[in-house]
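Chain lettering (A, B, C and D) follows the sequence in which the chains are written, and residue indices restart at 1 in each chain.
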Amino acid sequence: MKKHSILRVVAKILIPFVLLFALYVQFHGDFGPGGGFQAGVIFAAGIILYTLVFGLDTAREVCPKRVLECLVAGGLLLYGLVGTLGILLGDRFLDYSVLADHSGQHIGILLVELGVGVTVAAVVVSIFFVFVDRGRH
Amino acid sequence: MGLFNYWTVIVLMMVGFYTVIARNNLIKTMIGLGIFQVSVFMLYISMGKIADGTAPIRVQPSAGHEAIYSNPLPHVLILTAIVVGVATTALGLALIIRIREAYGSIEEDEILEMDRNS
Amino acid sequence: MSPECLIVAAVLLPLISAALVVACHQRPNLRETVTLVSGGLLLAIVGRLTGSVDARPAINLVDVIPGSIDQAAIAIGFHAEPLGLLFALVASGLWIATSVYSIGYMRSHGEQHQTRFFCCFAVAIGAVMGIAFARNLLTLFLFYEVLTLSTYPLVTHHGSEAAKRAGRTYLGILMGTSIVGLLLAILWTWQLAGTLEFKAGGILDGHVDPLTAGLLLALFAFGTGKAALMPLHRWLPAAMVAPTPVSALLHAVAVVKAGVFTILKVGVYIFGIDLLGRGGSSVWLMYVAAATLLSASLVALTRDNLKERLAYSTISQLAYIVLGMSLATKSSVIGGGMHIVMHACGKITLFFCAGAILVGAHKTRVSQLDGLGRKMPWTFAAFTIAALSVIGLPPMGGCWSKWLLALGTVEMGQWPLLAVLMISSLLNVAYLMPIPLRAFFREPPETDDESPGTGEAPLACVIPLCLTAAGCVVLFFCADPIYQFLSSITWK
Amino acid sequence: MNLEQLPILQVILPLLAAPCCLLLRRSRLAWGFAVLVSCSSLLIAATQLHIIHHSASGSISYEIGGWAAPWGIEYRLDRLGGLVLLVLTAIAAVTLSVARRLLQEEVPEERHHLFFATFLLCLAGLSGIVSTGDLFNVFVFLEIASLSSYVLISMGRSRRALVAAFQYLVMGTIGSTFILIGIGLAYMMTGTLNMADLAQRLTMTLDSVYAEGASIENPALPVNQTRTILAAFAFLTVGLALKLALFPLHAWLPNAYATAPTVVSTFLAGTSTKVAYYVLLRVTFTIFGLAFTFGQVGLQFLLTPLAIMAILVASTIAIYQGDIRRILAYSSVAQIGYLVLGLSFATQAGLTAGIVHLFNHALMKSGLFLVVGCIATRQAGLTLESIRGLGRRMPLTMAAFVVGGLGLIGVPLTSGFISKWLLVSAALESGRWLVAVLVVTGSLLAVVYVWRVVEAAYFLEPDDKTTSEPHDAPAGLLAAAWVLLGATLVFGIYTDLPVGVAREAAASLMGVGS
């Protein structure tokens, strides 16, 4: 599809907005509808669109396999560590109120959702890559 | 609304279940499984609905009027279940791809036939 | 050593000896020495225990099944009481004789896997000690199963297709009956009485009605497949594919006697002869035993294979002991206990002779024995003595136990059973006596003269069989001490 | 950090270790880390059981995020859970410690770290199921465990593993969806997901559960008499029966266990069905309660025949299998029958027997599969023909198999005997004569299928007469197998731990109190 210039142009215009929207959903998650799961999927959709238009090899350069793996693990670890902080600071697992005086819960949920979002995005992109890759040989 | 939502759920569930049982093609089995799962998602979502309830986003209470919200918990629960469903589907499809590579077929009876003969 | 330690030592010694046998598998002479030495030691230990049996020493090793509110905990435990001690004495005494005999037999026969043979043999003796000294039904059951498993390799020693088939029958019947019958009976007893301990006078008295007692007794009697009550006797003739020393010790002494010993012990210490005698729960068992007794004798008449004939004879003789228990009078129970000794001594001699005939003359069938008595005088003399003892004629030991059993039938007024005993004795004569008669008084067939190796079997085979035959005579004069020794078991 | 945090550590330790394994990449590193984690899990589980067993209440509770119980998610562990966790983590630790050696033949080295990550995820899922006191959490952890076990099974060497994993995936997903429906319906009627709260609300009347002013047809009706709750119970039971591989829903199990990498069979055989059984106990006793499950619904009339069929039919099928792993797998189906039978008596003795058997059978079956793994390191074939004469070639390995086999049969001094003893005496106690007879008949069938292996290994000569010198499995593997099977011997003699804990666990499930 690299030869279809309309597609390429439209995709180039769209992708930043898709990613931006993903970030909006991500960070607006604790005020309105949204959160890590949704944002992750939307973000992944942006990358998948990029892959569809510019091909797997180009996309691999953007998101190398190694980086994706690290992101999957990293997101999970972020979630886990925020939760464990509660334990380390002498309270319960996932008790965010220890993180800060007033906005503890706020910061906590933001970080946890960020972890979820990163993991989901990385997992969805990996699954897509694996499927596309399989078909080629 | 009556019991209309339950009827929908039951019909979807049976369609999915029948597909899982009756189809030989592994992809179709996965599709059936998907429909089957979605029916349960619908069950959860519809049970959270409260008559005249609005989306569970806190609005500034206007004087003398307390807003009625739908129950958000089933939504949250089912979000988890959807993720699980996605993971299951992805894993199932990945397995189908590898089965196809190993057997050259995705028809269940052909695969079982090959297993019996080898 | 205290009596308690002696009991544990008696059970452990054969097991240790089994381990040593395996360790010495490179050096046959050392291996056989181990067997003989431990045989001597075991006899000494059991002999010393007879002195302290009146105190009924008992020991619990470890609680295996924790107790609850209604039921006592069950331990692996041992105790010494006259019946078990007598059984242990017989088994350990005959182990030595058999060891000597098997060394001669196995070597002159050039058998394979001798280490496995001696090892399993020792384990089997250990299991017999465990059964003899078991303090409760669980311990007894444990060693009962060990005995079954450890004798399987002995039965299938030759590894031929026939041996394996026989082995499956053996294991199938013994394991099957013990799990479905015996285990269930034990569990039921536990439910009813709340304990499994062997106690003088029984533990079930007051917990059961006659019908339940009869059913439970049936489970015990048929669950103990080793007692070879018909119709569960098939394994015994099948197991005759084993080498003769195995048949001799295990299927004339250890295994089958473990079966009838179990039934006797259950009758005396679980039910109590009062309960059995009073409720009439055991009447049906008398008739089963009588039927087994007669039909096995009849079958024995038709068998030409010597070992098979002896096997059916064993089935018939075992039924005597079961009969003694089911009559549930003092003299019949003691008669049953005494018959364990008498029959063991007689039957092992007969099997030794059968083996000696195989080793010396390569004959297995009764019809081939014509005139052999002149070439193997010692063997056939011993055979005659043992046969007379099994039949129950004085001056052989067997006559006392049969006398006591007959007394029991009279006490109970079971005249038909007395008739059965008499007829059976006649049948014994009919199937046993032709063998020495043929050997001594018929002319040997012409062709056999040139065949080599027709003389007495090696000394290691002949000496044990002469000794056990002499034992049959000696026992005739020892009957009274045995009677006194056993008479305390029927007291409360 | 103090001991209060243990319930959550039990779950998040393996959960967080999984991504770490992913990052470590190197096979040896990931393996070492996974072993470390599983051993710590074992330590945590043992400590927890110790605390629970000596506490007055007999349970510990942990509120996640500091939110109080019916609203927040509560982790709750009682004696039953503690015992299940102990056996689960013990098997995980033993299996993982030999996993690298076993994987050498079966999974390429560059995928080892993925394997360990998935394995830890599975462990986390299973621990989570046992630890949590929240019904929906059970579903989530069940799915984590199931998804990771599908992946683990699909790593098997032969292509059949793929088909087996797919079949398991389809059946497992149907099962878990059923469970999800059940949970949803129960939530619909009670408005809570906390197990203890749920149990309480199920016995209340409709009007006391619903908000004021709601129009209810029959306000005085107890919640658990409504048709919705009946449906919820049915869905939960059927879903769990699928996960449990209760006859006749066992079709996925033999294929999965027989084709998975042996290290996976070792782990799953001892844990996954046992944890499903744990959930079944929770649902039937803790949540719905004795009166509902056995009085109102009469589940025993369904479970007892099914359990007996499982014992007899699966054992019979096992007799006709030619592959050791399939024999063991069908034997597992039969043993699940014993577990469910204990449950279906609905007496304290029956439950005790079920729980003890859960413990014993987990050790036995894992040990036996580990022995199969040992055999697989020395020869390719695992059929009865190919193991002929193995008793001489691998004496210590086959001796371990014999010990495990005796346990399956239930020979005295093995732990299998204790559980069968308890089960049969429970049957006799409640007057179920026929059941008792059928159970011992099942043992008889076990004799036959175990004997076929023993006979092949010890009493049949191999076809090619090249009887080489004894060549046992690598020492580490052998030691691990003996640890598990030795444990069955130890717990066959010193029965205080499993039986003592199980009795009290059964008492609290029955609501008797110890």
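The rule we apply is simple: a residue touches a chain if its C-beta (ideal position, glycine included) is under 8 Å from a C-beta of that chain, and two chains touch if they have at least 3 such contacts.
Just so you know, these numbers come straight off a predicted model, no measurement behind them.
Student: Closest chain to the protein's overall Cα mean, using per-chain Cα means, please.
Tutor: Checking distances from each chain centre to the full centroid gives D.
Student: Could you pull out the chain whose C-alpha mean position is farthest off from that of chain A?
Tutor: Result for max centroid distance from chain A is chain C.
Student: Report the inter-centroid distance (CA atoms only) between chain C and chain D in whole Å.
Tutor: 45
Student: Between chain B and chain D, what's the gap in Å when you average each chain's C-alpha atoms?
Tutor: 27
Student: Just give me the whole-number Å value for how far the CA centre of chain B lies from that of chain C.
Tutor: 70
Student: So what's the Cα centroid distance for chain A and chain C, whole Å?
Tutor: 79
Student: Give me the residue numbers in chain B that touch at least two other chains, ranges are fine.
Tutor: In chain B, no residue touches two or more other chains.
Student: By the document's touch rule, what are all the touching chain pairs in this structure?
Tutor: The list of touching pairs comes to A-B, A-D, B-D, C-D.
Student: Note which residues of chain A are touching chain B in the complex, please.
Tutor: 32-33, 37, 120, 127, 130-131, 134
Student: Flag every residue of chain D that touches chain A in the complex, lowest number first.
Tutor: Of all residues in chain D, those touching chain A are 1, 5, 8-9, 12, 15-16, 18-20, 22-23, 62-66.
Student: Which residues of chain D touch chain B in their complex?
Tutor: Residue list for chain D touching chain B: 136, 139-140, 143, 147, 150-151, 154, 159-160, 162-163, 165-166, 169-170, 173-174, 176-177, 180-181, 184, 187-188.
Student: Would you pull the chain C residues touching chain D in the complex into a rising list?
Tutor: 62-66, 68, 76, 138, 141-142, 145, 153, 156, 159, 164, 167, 171, 175-176, 179-180, 183-184, 187-188, 190-191
Student: Provide the residue numbers of chain D that touch chain C in the complex, in ascending order.
Tutor: Per the touch definition, chain D meets chain C at residues 410-413, 418, 421-422, 424-425, 428-429, 436-437, 440-441, 443-444, 447, 451, 455, 458-459, 461, 492-496, 499-500, 503.
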